[in-house]
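In structure tokens below, several structures.
In the two assemblies presented below, chain A is common to both, partnered first by chain B and then by chain C.
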Partner chain A sequence: MAKFLLRRVVQLVAVLLAVTFLAFSALNFLGDPLVNVVGPLAAIPDCDLVEAGLREDTFSTAGNIGDCEVVSRARAQYNLDKSVPERYVRWVGDLLTGDLGSSFQTGLPVSEIVREKMPKSLLLMVMAEIVALAIAIPVGVLAAYRAGRRLDRVTSVGSFGLLSVPNFALGVILLQVFALRNRLLPASFDDSTLWTRLHSLLLPSIVLGLGIAASYQRLLRTDLLTTLQEDFVNMARAKGMPDRHVMVRHALRPSLFSLITLFGLNTGALIGGSLVVERIFSIPGIGSEIVTAVIRDDFPVVLGAVVVIATGFVVINFLVDLLYTWLDPRVRVS
Partner chain B sequence: MSNAQLSVRDLEVRFPTSRGVVEAVNGVSFDLERGQMLGIVGESGSGKSVTAKTLMNLLPRTAEISGDIHFDGEDVRAIASGHRKHFWGVKMTMVFQDPMTSLNPVKRCGEQISETLRYHLGMSREAALKRSIDLLEQVGIPEPARRVKQYPHELSGGLRQRVVIAMALACEPELLIADEPTTAVDVTVQKRLLDLLDELRRDRGMSMILITHDLGVARGRCDEVAVMYAGRLVERAETEVLFSDARHPYTTALLRTIPRIDQPSHTRLVPIEGRPPELVNPPDQCSFAPRCRHAQADCLEGVPTLTNLDGNREFACRYPANTEAGRTSFFANEAAGQTVTGLTIAQPSEVN
Partner chain C sequence: MIASVPEPNAAIDGAVEKKLGWAFWLSVAWIGGLALAAVAAPWLPIKDPDVLGAAPRAGLFSDNLLGTDALGRDVLARTVWGARISLGVGSVGIILGLTVGGTLGIISGYFRGVVDQLISFVFFSLLSFPSLVLALLITATLSRSFWTVAMTLGILGIAPIGRLARATTIQFAEREFVQASRVLGAKNGRIIVRELLPNVLIPMGALTLLGMGISIVAEGSLAFLGLSVEGDAISWGKSIVDGSQVRDLTENAHVALVPIVAMFLTVLALNFAGDRLREYTDVKETAF
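Moving on to the complex of A and B:
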């Protein structure tokens, strides 16, 4: 177990280094970070030469001597006077001390932004997964139990329908129907108490969860149909156990493998989906923050988000591996 | 009609498939007296397992079933469509062929035995677990208290089949259907398991249907043996009668495939020529005719009916073995070198 855990930690570190290095290089190749800090002032030619007292004649068009100080201060603050590899190494060093740098836009520390925004997004995603599983498991079991009959066909059509609706469309429709027309649920995020948070995140989590529920349901139904062919299911029925017991106590657990595998892999898609949903329901989560940061090339924020998401992904898949061993005792041996 | 414990009349099971309707079981009737052991023998696809699954209500919904099944006067097919609880598992239960797959891999053995006790008999968790340990001891599993906490994959095949048997016997069923219970285990384990089943059956006065493709397994254990071929019952007789004086050419052919201790060693076993027939749209003829060394022209006209002789035996053949008609037809075919269906009779073989 300790070995297993250690291997996972090494894996996490490797994934983080790879992902952040790629993100870091990509961001630096795409544009000059200086532009994002000081704006048009970055275009002042030969500011360095001015500083060195070699040129004095180029300010009249682009700015004045004071701007040069702004630029050099920015360079120093964000280490922009260093080469890309050196900056990456420094960034990693800071990361180890918990410092993710500061936003180019607002100057706020990224760690603070993450701490402020992440819980809301996390809550949304957790609720979405709960919604998805709460729908997919019962519906999948029922569909497999009534395979080929009307209930199965209806849920199949429903699932394919949900899978083919993009979640921004679903979000807008549900927002219209349940929040704006009927006012059954709040249309935007309310941070005042835990209850209002849960209540106002219910509709967004349904929007996010329904699409996932559909794919979970399809997988679970297929796996259950395979399991139901097994001798031990016949045996359970030959023992006279009621159908519900056979489905839930015998067939369900060995049929959950694909579902939880997808659960792990889905984490990425879920984050992508939450960007959209957060926008529609005005949730000030990490998703909205990422969108803004990417548009404005706010490197430290984007990198911070990448770190958080990659960590989440690896941790979730680690938990999924633990779940496998719970689901099937045979995994524990090997 | 009779006071038999289990009575099956004109059982037919059909499966509609894309290739046509598979006639898996075709007009099977038999009775089983309380405390008796019936062997159902036949090769793969003869309909023996489908018959068992019909009795246990385990067939898929697509199966078309007709005929009557009565257990203790109760209409089993009505129970299947109704919501009667505590019938299967309590009155009638079944053990499957492969112990490797008939235990749930994700549940501890004890849990799998005790769940039946808790559901059918309303036992508490503790009482059921205690009873499970007793049951494992009864089926000869060493260290039963440790075994109940183990998962099936931690047990050997022989032990697993014992767990399955313990599981099936938990609620003291009156009838046990064993579908090839020893096919998947080592030969050395086979006999011990069969003896165990026999012993448990006698102790409890339980009836049993033993399904096997191995006549040798049925011999000496079953009171009666029914031989199935292509979904039909072709011969049924008391075990000793069947082994010493079989009538149906398929039965005699089967008997020639098993080695016997009273024959000199190196006696060549005779395989049955040809292959089992298609069960989709079978022609209206004796289904064994293409492989039968007795076959005559009228064997291809209509399915022979089961004839009942003095109540103890029945068979479905117009030229039965060990009779004058059978001998005549066989000699005629041997002289011609082949039968009416084109089966060549190459070497002169023993008369039957």
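Moving on to the complex of A and C:
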């Protein structure tokens, strides 16, 4: 077990390094962070020559010596005068101390922005998972219990259809029906009290949760159908256990295994979905923050937020993996 | 499930008669018809999607069959023209994903060893990003033309497609017909192209349809983040965003609803056809 654990931890660290490096280089090679700090001044052609002392006259077209100082100060401040690999190493070093740099636009530390915005997004995702489980488990159990009958067919077609509805489409439709036409639920986020927070996140979490519920329900149904063929289920039946007891106590429990794996896999879709749903329901979470930062070309905020999200995703999948191994010793062998 | 269960005695007869079913062909017809309409959009008898002339926010079945949006533009025309970009970025993206992901996957699965470890690690790293976050990372700093958005969607496809191609290649690489070919003196390139590629391509057919659906939805998600194709280009995602302003949703929800229905039907058709095709081509389900 210790050896297994060690191997997994090494793998985790390697993937985290790869993920941070990919994110860092994507933003650095595809765009020029200098442009984000000083705007069009970054395009002044001769600044390098001035800095090197090769040219001392003022420019006529793009800017003047004063602008060059702005540019070189910005370069020094944000380490943009270093090479990309060197900056990456420095950046990872800062990252390990919890320093994600500070916003080009507002100067606020990115870690503070993340700390402020993240809880709202997390709350939304947790509520979505609760909604999904609350729908998927009963519907999945009923569908498996009535396999091949009308109820099963209706829910199967329903969940297949639901999987083809993009979450933003569902968001727009539910927003129209439940928040705008009938004012049953709030259309946007209200941060005043805990109750308003939960209340205003209810509709968005239903939007996110329904799609996940459909995939959970499908898996749970198939899994239950297999489990119901097992001898121990027949045994329980033969002993005269009531159907409800057999379904919930005997069959459901082993079938929840695979739900754990799907939970890990679904987290990526859940994060992506919450980015979009936050936009539709004006929730000031990390997703909205990233989008604003992208529009404003605020490089450190985009990078910091993306890295935090990707790290969370990798770590969740790592934990799911461990949990699964712990629950099912057969996995350890292979 | 709706899928037909093979008759018990059919297996004894040696071959199970498999059919794709009418719903599969209906899905294909919808996708085909839509693609045709998208290509032929400039010559179809529909209004100009960019003309602001008509009364804004007109309802269904007015002068404009499916009404107009907040700027008085014809919703039907915009939906047909939107199919050009939505289906366009979707198909270019999936072709890119198939080419790059498929090639890497086959190389990785055939040669194994260090190459395999390296490529698999790249796949694993790409999959460590939630896909929309990865898309955001790529499009954030680029100017967003048709081709950059299509390329982004393609990159999202590389890792999942590559993994399937790798798994399929491994499954076939040690089979007798491949060994026979090797014994006969075939070089690696020939074995890959003549023996492995045809077998890897079979599961790719279903994946192409499913992946295209995912790409179309991803374009919509990018549109909601303000990261779809820039400028006047019309896509379904952008049309849905346009119609999702609070005033439009309360007064004339059809502006958002028409492209939503178009996208839903298309994704449903792609998912259904992909699912059926996968069942149809899955060798495990054939009796032998």
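Keep in mind that, in the parts below, the second predicted complex is superposed on the first by the 290 of 334 C-alpha atoms of A that agree within 3 Å, B and C clash if a C-alpha of one lies under 4 Å from a C-alpha of the other, contacts with A are read in each partner's own complex, and residues count from 1 in each chain.
One rule holds in what follows: a residue touches a chain if its C-beta (ideal position, glycine included) is under 8 Å from a C-beta of that chain, and two chains touch if they have at least 3 such contacts.
In this text the structure is predicted, and so the values were computed from the model without any measurement.
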With the two complexes superposed on chain A, say which partner A:Met235 touches: chain B (first), chain C (second), both, or neither. first
Across chain A, the partner (chain B or chain C) reaching more residues is C
Between chain B (first) and chain C (second), which does A:Asp328 come into contact with in this model arrangement: first, second, both, or neither? first
Give one of first, second, both or neither to describe whether A:Gly268 is in contact with chain B, with chain C, with both, or with none. second
First (chain B), second (chain C), both or neither touched by A:His250: first
For A:Val110, select first, second, both or neither according to whether it touches chain B, chain C, the two together, or no partner. neither
Intersection of chain A residues contacting chain B with those contacting chain C? none
Taking the complex as given, what residues does chain C use to touch chain A? 1-2, 121, 124-126, 128-133, 136-138, 140-142, 213, 217, 220-221, 224-227, 237, 240, 243-244, 246, 249-250, 253, 256-257, 260, 263-264, 267-268, 271-272
Chain A - residues contacting chain C, complex: 14-15, 18-19, 22-23, 26-27, 30-31, 153, 156-157, 160-161, 163-169, 172-173, 175-176, 180-181, 187, 267-269, 271-273, 275-276, 279-280, 290-291, 294-295, 297, 302, 306, 309-310, 313-314, 317
What part of chain A is in contact with chain B in the complex they form? 148, 230-232, 234-242, 245, 249-250, 253-254, 327-330, 333
Mind listing the chain B positions that touch chain A in their complex? 53, 56-58, 61, 85-90, 93-94, 96-98, 101-107, 115-116, 119-120, 151, 153, 164, 167-168, 170-171
